[in-house]
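See the structures that follow.
The same chain A turns up in both complexes below, where it pairs with chain B and then with chain C.
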Partner chain A sequence: MDLLRITNLTTVFLTRRGVVRAVDHINLRIKEGEVIGLVGESGCGKSVSMLSILRLVPYPGKIIDGEVIFNGENLLKKPLTEMRKIRGKEIAMIFQDPMTTLNPVFRVGEQIRESLRIHGIINGNHGEKKRVFSWFANKARREFEQQRVMKLIEEVELPSPEERYHQYPYELSGGMQQRVLTAIALSCEPKLILADEPTTALDVTVQAQILELFNRVIKKHRTSMILVTHNLGVAAEFCQRIGVMYAGRIVETGPTNKVMENPKHPYTCGLLRSIPKISKKRVRIKPIPGNVPDLVELSHKCAFYPRCEKASPVCEEKEIELKEVEEGHLVHCALSK
Partner chain B sequence: MKARIKEKTGEPLTTVKGIKKYFIKKPSLLAKAITRQKDIVIKAVDDVNLEIREGEILGLVGESGCGKTTLGRVMLKLYEPTAGKIFFEGKDITYCNGEAVREFRRKAQIIFQNPYASLNPRKAVREIISVSLKNRGVNDPRQREEEILSLLREVGLNERHINNYPHQFSGGQRQRISIARALAMRPKFIIADEPVSSLDVSIQAQILDLLESLQEEYKFTYLFIAHDLSVIFYISDRVAVMYLGKIVEVAETVELFENPLHPYTKALLSAIPGVGMKKREKRIILKGAVPTPIDPPQGCRFHPRCFVKKGKICDLKEPTRIPMGNSHYVYCHLFS
Partner chain C sequence: MDEQVQEGMVMNVNLYKVKLKIWLMNFSSFLRDLMAHRAAFLGAVIVLICILAAVLAPRIAPHNPFQADSLRLRLLPPFWARGENAFQILAKLGKEKFSYLLGCDELGRDLLSRIIYGARASLLVGVLAVGISTFVGVSLGAIAGYYRGWFDNVFSRFADLLLAFPYLIFAIFIMAVMGPGFSNLIFALTLKGWVEFFRLVRGEMLSEKTKEYVDAAKVTGQSKFIIIFFEILPNIIHTVIVLATLRMGYMIIMEASLSFLGLGIQPPTPAWGSMVNAGRAYMLNAWWVSTFPGLFMLVLVLSINLLGEGLRDILDPRLKID
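So, the complex of A and B:
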């Protein structure tokens, strides 16, 4: 049974220049314990897709089509009060730049604790917050929360946990801040974590540490994860399935090894050929000519058409459908069989 | 396809010996009086020796705070070194002035990392490149115009944009303008300081491709600074690895990636996600974060995080350069 199933999700931004189709009819499925990657360059719509799942798209964005079925319910139709119970508790998010995500005026321990307080996690009981104004009851709750936060700080392997609890974000390095964000995401034991470029701002050795942490945590809690990244190496190593996005659409999706070794969409092929790889023989990279299109002026049936080396009249004939080229491997291209 | 330069091509074009660059922050008089705060010394570059041969691309790689950008700027005389000497074309240019500096600047150029901060926003492309041409001595305006158009073509920009201002271009295009500006001087030596780090993947490829083609045609000498190991692998003939202000290993590219010797290099290569040169056995995960260059560890800078420490000597004594044959040098007690 799918944990999350997205069908035809479409998010647009209504700007003075025109309508920007940031996310254009995307489909995505994820099971329990699965890690899928969403890969693409700046402006392809991957971050907005994540925000759309949690209905956090900022104005002037609007989700205008599609369904996001989580645990059998359509998140897009839920009242906002119900969404608040889901955000942070059932579905958590880890953002890209830890320095701007953490509140600079609150201590780190307090920020991790906030999630527990808001979702009324008392003594491991994910129940409703009891309106008991007794000092004794609150004391027990505070102590429990503090203990739980310490456990989380230890789980994300922050050195000197007692000190960390009382420190401010600026006192921590980028890698440590990212661990704090991970602790916040894990605090209520969510079923799904959306990680939006969590390692982009970090050094490569720190990135390795954070990915290893994610791996351990996911295996332990059987959490699912959607990892958004522009780094194909990270996706290759970490994700079981990946989706390649271009100009708001998922142009290719499938098991990671199949998509990487046997890419079918010209954009995926172009991307793989343009990235320097470390291997026995040095291969000259072949850049994709041109630039990413302006999302307001998409004039072709396929957004990649102007840059595609395989472009042909067939591409303009009719609406392009998602085709299955081999098991589990789908491509959005007029030329695929 | 460009073959990597293997043999020594004679005299080095530029050499640095014993270069140190310390940034000193003095506390206010009040702070000194009340709390006896001492000077804060950031040892960004601490005793570096490096030589770059003519026509080669030397890759300088390391993580944030290792001092690679600072070293690049010292080599270009944008910073004055705290100690040490810089040689260019056999001459000591460490403290030279006036005409000598101007002559050096004609032959050595830089491409900066941030395409949004390295171009004057109030000048059009024509003016930006004209400055370089005037410095080179092209005094005839018509000749300058012709050269600017030719440079724009060469870096892949549309000639019609000659009157546009930086804000009208994308990041990748701005980098092309920076490259044109450097090219206009017809330099011998170019320092590229993380020229593609802030660009998108497919634009990175375009700029790398451009830099490579230009090098093939004009045979520049490059110091290519980057933190992305795949980019370094792709473009460099030789690679120098930096950690906390010091060079820890230098070797030809393929040799370094196939046979890394310094523990830090091994950890760095092991951390690259995705594919590796050999089937990776187990990834080396370093503990902790890079310490700050304000108070670097005694002895070998890497010893607090080293996973194959030799012994007490690592805590006490700084390692010296050890030749390992095949133009491969390492700074580590394990090999002494």
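So, the complex of A and C:
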């Protein structure tokens, strides 16, 4: 059974210029313990679709259609108070810039503990989860929580946890901060982690360490993850499946090796061609011509049509559907067979 | 199971030690910053002395501030300006030459004692008026800034309306309607005092709520109340503390102004403003009756302002990176 199944999720932003379809009928399924990469250029709706899952789309945005079935329940139909219990506890999120994501005035240990406290979780004597309703934690509870926080800090491989517990975010480096955020995300042992470009703000060596950490943690807890990134290399190495997004749609999705080796959508081909290669022969990089379309005025049935090198009259004639070209490999293109 | 608990205990003993150590370190570094900031330190010392004087007034006041020892002491000059006449009066009453250090007022009451007691009124009004304004302004401002919408509109327009009145005239109006008295005075000062805090916190909230840590808080499933008051507010509270300190001086002046006009604290309770007013009639032949309360007010308000400015420099955690 799928842990998360998104069908026809559509999120629009109602702006003065018109309706921006930031997320347009996307479909996604995630099994338990699976890592899915969501790649695409800036502004193609990756982050908004993540926020839509948690129903935290910022103000002019609105989810107008679709279903987000998590653990058999439709999150879009849930009352907001129920939603709050899911955020952080069942579905956690890791943001792009660790510097600004941590609250600058609280010690990091307390920030990790906070999540435990909100969801009333203490891993009690026998390791079972208990809900405790009192807001003002008593001493025993606080000690359990602190103990758990220490374990979390150790788990994300921060040295000398006792010192870390009492440091402020500004005293930590970017990589350490991202580890703290990972600890916060892991604190309630969520079933799904949404990682929104978690390594973009870090330098390359630290990126590798953080991804290594994710890998280990995910395997250990059998957590699923959606990794949003615009780094195809990261996605290729880390994810079992990949979804390629363009202009609010998932244009191609499938197992990583199939998408990478045998891309079917012209956009994916273009993306893969524009990665510089290290080889003896000097090859000129071929970028995709044109610019990202304005999402307000998508005039064609296929958003990629104006930039597509394979564009033909067929693209304009019939409705485009997701087609399965091989097992588990879906493409949203009129030309694919 | 026992093992786990034990392990936790050991860990936590460590934790508290570290916690205490870090707290002490932070506090001592704050004190060090304060001492390094000369002006703020001077202000802090003077304010501290004033607070001590106000709290310990019955113990340190040399004479009864409410009643004269003798009517003959009326308008007795301060000790360095005393002539033969004054010494004779003091000798007849069996007092030392230098008693009644700063002289006496128009009813023969010791000026220094009255000033010490007057500090009570000033500080109490300052603390209460600023405290209530802060509480009201910060809560309303935080909610208005976070939610916007009709709540923000209503209170912002109301705040604009209040800002259109000059403070003193507004306070005089309220006092004239409600009649003089301590609680009315606090009410009159608070009724407009919260606006500053409201606008400050609302503005800070608007810029702060777009920060990513707020999204992160939402994502961990915190309620809006917690996000507003326990996530965002600690990030802007230092500006509130600075403003509150600076407003304190202003409130003291306001209290003095109202007392000067006879609308604030009523005689015989000593208040600096009403003392200045009382001495006004004797300005030409007994300058000290008005001058000393005014001088003390000047020093206190100046030190509070120095302290406030200093806190502004010291308290911002985002400026402090080592």
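Basically, the second predicted complex is superposed on the first by the 318 of 337 C-alpha atoms of A that agree within 3 Å, B and C clash if a C-alpha of one lies under 4 Å from a C-alpha of the other, contacts with A are read in each partner's own complex, and residues count from 1 in each chain.
The rule we apply is simple: a residue touches a chain if its C-beta (ideal position, glycine included) is under 8 Å from a C-beta of that chain, and two chains touch if they have at least 3 such contacts.
From a predicted model like this one, the values you see are computed outputs, not experimental measurements.
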| item | value |
| --- | --- |
| Side-by-side fit of chain B and chain C on chain A, or clash | fit |
| Angle, in degrees and to the nearest 10, that opens at chain A between the C-alpha centres of chain B and chain C | 80 |
| Touched partner set for A:239, first chain B, second chain C, both or neither | neither |
| First (chain B), second (chain C), both or neither touched by A:9 | neither |
| Touching partner for A:68 - first (chain B), second (chain C), both, neither | neither |
| Partner chain(s) touched by A:152 [first = chain B, second = chain C, both, neither] | neither |
| Contacts of A:208 with chain B and chain C, given as first, second, both or neither | first |
| First, second, both or neither for A:288, with chain B first and chain C second | first |
| Chain B versus chain C as contact partner of A:225, first or second or both or neither | neither |
| Touched partner set for A:193, first chain B, second chain C, both or neither | neither |
| Chain B versus chain C - smallest C-alpha distance in the overlay, whole Å | 7 |
| Chain B and chain C footprints on chain A, overlapping residues | none |
| Residues of chain A touching chain C in the complex | 54, 56, 83-89, 92-93, 95-97, 100-106, 114-115, 118-119, 125-126, 143-144, 146-147, 150, 162-163, 165-166, 168, 170, 181, 184 |
| Of chain A, residues touching chain B in the complex | 41-42, 159, 173, 175-176, 203-209, 211-212, 230-234, 236-238, 270-271, 274-280, 282, 284-289, 291-292 |
| Footprint of chain A on chain B - complex, ascending | 1-2, 4, 63-64, 170, 172, 200-206, 208-209, 227-231, 233-235, 257, 267-268, 270-277, 283, 285-286, 288-290 |
| Chain A contact footprint on chain C (complex, rising order) | 1, 4-5, 7-9, 11-12, 14-15, 18-19, 22, 211-213, 215-223, 226, 231, 234-235, 317-318, 321 |
